[in-house]
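Okay, so chain A shows up in both of these, paired with chain B first and chain C after.
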Partner chain A sequence: MEDSSKRIIGLVLRVLALGATLTAAIVMGTSKERANLYALSFEANYSDTPAFKYFVIVNAVVSVYSLIALFVPSESSLWRLVAALDLLVTLMLTSCISAALAIAQVGKNGNSMSGWLPVCNQVPDYCDHVTMALAAGFAAAILYLMALTASAHAALDEDDCC
Partner chain B sequence: MAHENGMKPDDQVEPVLVSEPREWLLLTLRVIAFLATASATLVMALNKETKKLVVATIGSTPITATLTAKFQHSPAFVFFVIANANASFHNLLMIAVELGGRKFDHKGLRLLFVAVLDMLTVVLASSGDGAATFMADLGKRGNSHARWNKICDKFDHYCSQGGGALIASYVGLGLLTIISILSTMRLVRLKPLGYQRAPVP
Partner chain C sequence: MEDSSKRIIGLVLRVLALGATLTAAIVMGTSKERANLYALSFEANYSDTPAFKYFVIVNAVVSVYSLIALFVPSESSLWRLVAALDLLVTLMLTSCISAALAIAQVGKNGNSMSGWLPVCNQVPDYCDHVTMALAAGFAAAILYLMALTASAHAALDEDDCC
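Up next, the complex of A and B:
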């Protein structure tokens, strides 16, 4: 596989991952629903849950990083730094999607052993919105894992290293 | 290095395998990471606390119920145990490969497999840690908006043991990241010895 096709695959994956992380951050950030329960009005917002806040922050940071990393020229030695940062970014993405999924699972099914009731019955639209954001975040994590493989492959195959 | 006496190309691989330096730093890090992830797995898997709590009071007689907090009650902690068990098994396997696997060099791709598996294990361990951290935070502080009460004020031993398991797994995760970067750099460092290409038959 020559260098140009490798580089194109890496770029395509990074652009797709940029789109996925941006979607995840925006969709989660705009999830808000107001519900009425027995004359009590409460609002479900992503910022009520630290896991969802972490999810939005990590996805926003990763999308900015992807945008910057798209413009690193392939011949400079910064490419190895990009490969190392890709590993850290993939770590952050997987941990944030896993944390958000854990809390969302409690929100949907509750936890009878701890006396936590599910909240999706009261705010179904909020739950659907969050589910879409989580799906985008999951796609972002997988895409970034592939982009990490591509950039590590590109960074290691240089003949003039070390 | 192997050009004397007109050796055949496949004989050239033999001296390369013998002269690969043993990586003591990587091995030490793997042993420590194995201990960290294995202890995280065990500490969380043995996390259980039983308590008699007063549930209601009728007149002047309190009604007590025996409540148990186990790690299986929460899917996030189950995933944490499974992910750390996988990570410690991976570390054990890599230690065994490092110590005794020199002969099993399938087409020169052993180091590549090790590097790829290291990356996958780092990703798995980080997701296990993320889920368990936020579930533990939910148990410690509750969520007033969703009307989920905290449970750590009643089951403090369960919470502190879970916290210890989390810290051990963070140490394991940090070490696994360093190990992954080192084993990936090893691919490049040993490239002149022909490790990235299959030996010519």
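Up next, the complex of A and C:
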């Protein structure tokens, strides 16, 4: 594949990943819903669950990194560093999605052994928000895995040429 | 660094990672405790929590892969495949540890917003088992990240030489 095509594909992947992480952070960060259960009124808020807070922080940090990485010139010697950071970012995204997904699964189905009841019946909009945020985060992780392959190739080419 | 030293370091990392994943799978897989709460008797078992089952399955699969990867000769053309699989394994380990850790955190501290009470006071031995399994899994992920660096270098060397 030509160098210019590779550059364009790499750039498109990073722009899409930036969109996905930004969406994930915003959608999860705006997840809250007030519910009434008998005489009790309670508010479900993402910030009450450490795994969801971790998800928002990671996606926000990765969005900033994605924006900065867009401006690394293709002939730069920084591609080894970008490849290493892409690996770190992919691992961080995988970690925060897995943690949030594990909690979301308990929210949906509960855990009878621990006596944890499902909450999605009480706060369906909140659960829909979380599901959408997880889908966006998952898309970001896949896009970053592809961007990592591209940046690893760029680092390889740099090795071959100099 | 000499090629033979690289080989030995790579081999040591893989043997240690095999030990860590095997320990993680066995320790988590044997996590169960019977507890009595007032008139109720219940058993905490890892298999009642999907995130813990996922943790055991991933660590068992990675153990088998680690064993097979030990027998790939250093001059083999398979190192590109091993590097790709090492990346996949590192992602899977990161994912299963994060999911299990998220649930373990709720088990320890509960989640007041969702009305999920902590359970570690009732089943302390079960929680200790889970904590030890998580520590072994975390060690395995770090070792695999190092093994990935080594196998990526081996794949790079292969590119340079042929």
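Everything below uses one rule, namely that the second predicted complex is superposed on the first by the 158 of 162 C-alpha atoms of A that agree within 3 Å, B and C clash if a C-alpha of one lies under 4 Å from a C-alpha of the other, contacts with A are read in each partner's own complex, and residues count from 1 in each chain.
Note that contacts are C-beta pairs under 8 Å (C-beta built on N, C-alpha and C of every residue); 3 or more make two chains touch, one makes a residue touch a chain.
Here the structure is a predicted model, which is why all the values come from computation and not from measurement.
Q: Clash or fit: how do chain B and chain C relate after the overlay on chain A?
A: clash
Q: Looking at the overlay, does A:48 come into contact with chain B only (first), chain C only (second), both, or neither?
A: both
Q: A:70 in the overlay: touching chain B, chain C, both, or neither? Say first, second, both or neither.
A: The answer is neither, since A:70 touches no partner chain.
Q: Does chain B (first) or chain C (second) touch A:114, or do both, or does neither?
A: Both partners, chain B and chain C.
Q: Output check: A:98 vs chain B and chain C. Expected answer is one of first, second, both, neither. What do you get?
A: Both partners, chain B and chain C.
Q: Which partner does A:8 reach: the first (chain B), the second (chain C), both, or neither?
A: Neither chain B nor chain C is touched by A:8.
Q: Look at A:78 in the shared chain and tell me whether it touches chain B only, chain C only, both, or neither; answer first, second, both or neither.
A: Once the two structures are laid over each other on A, A:78 reaches no partner at all.
Q: State which residues of chain A lie in both footprints, the one left by chain B and the one left by chain C.
A: 42, 44-45, 48-51, 87, 90-91, 94-103, 105-107, 111, 113-117, 119, 145, 152, 156
Q: Which of the residues in chain B end up touching chain A in this complex?
A: The touching residues are 69-70, 73-76, 79, 116, 119, 122-124, 126-135, 137-139, 143, 145-149, 151, 177, 180-181, 184-185, 187-189, 191, 196.
Q: Okay, in this complex, where on chain A does chain B touch?
A: Touch list, chain A to chain B: 42, 44-45, 48-51, 54, 84, 87-88, 90-92, 94-103, 105-107, 111, 113-117, 119, 145, 148-149, 152, 156-157, 161-162.
Q: Going by the contact rule at the top, pick out the chain C residues touching chain A in the complex.
A: Spelled out, the residues of chain C in touch with chain A are 42-45, 48-51, 87, 90-91, 94-103, 105-107, 111-117, 119, 145, 152, 156, 159-160.
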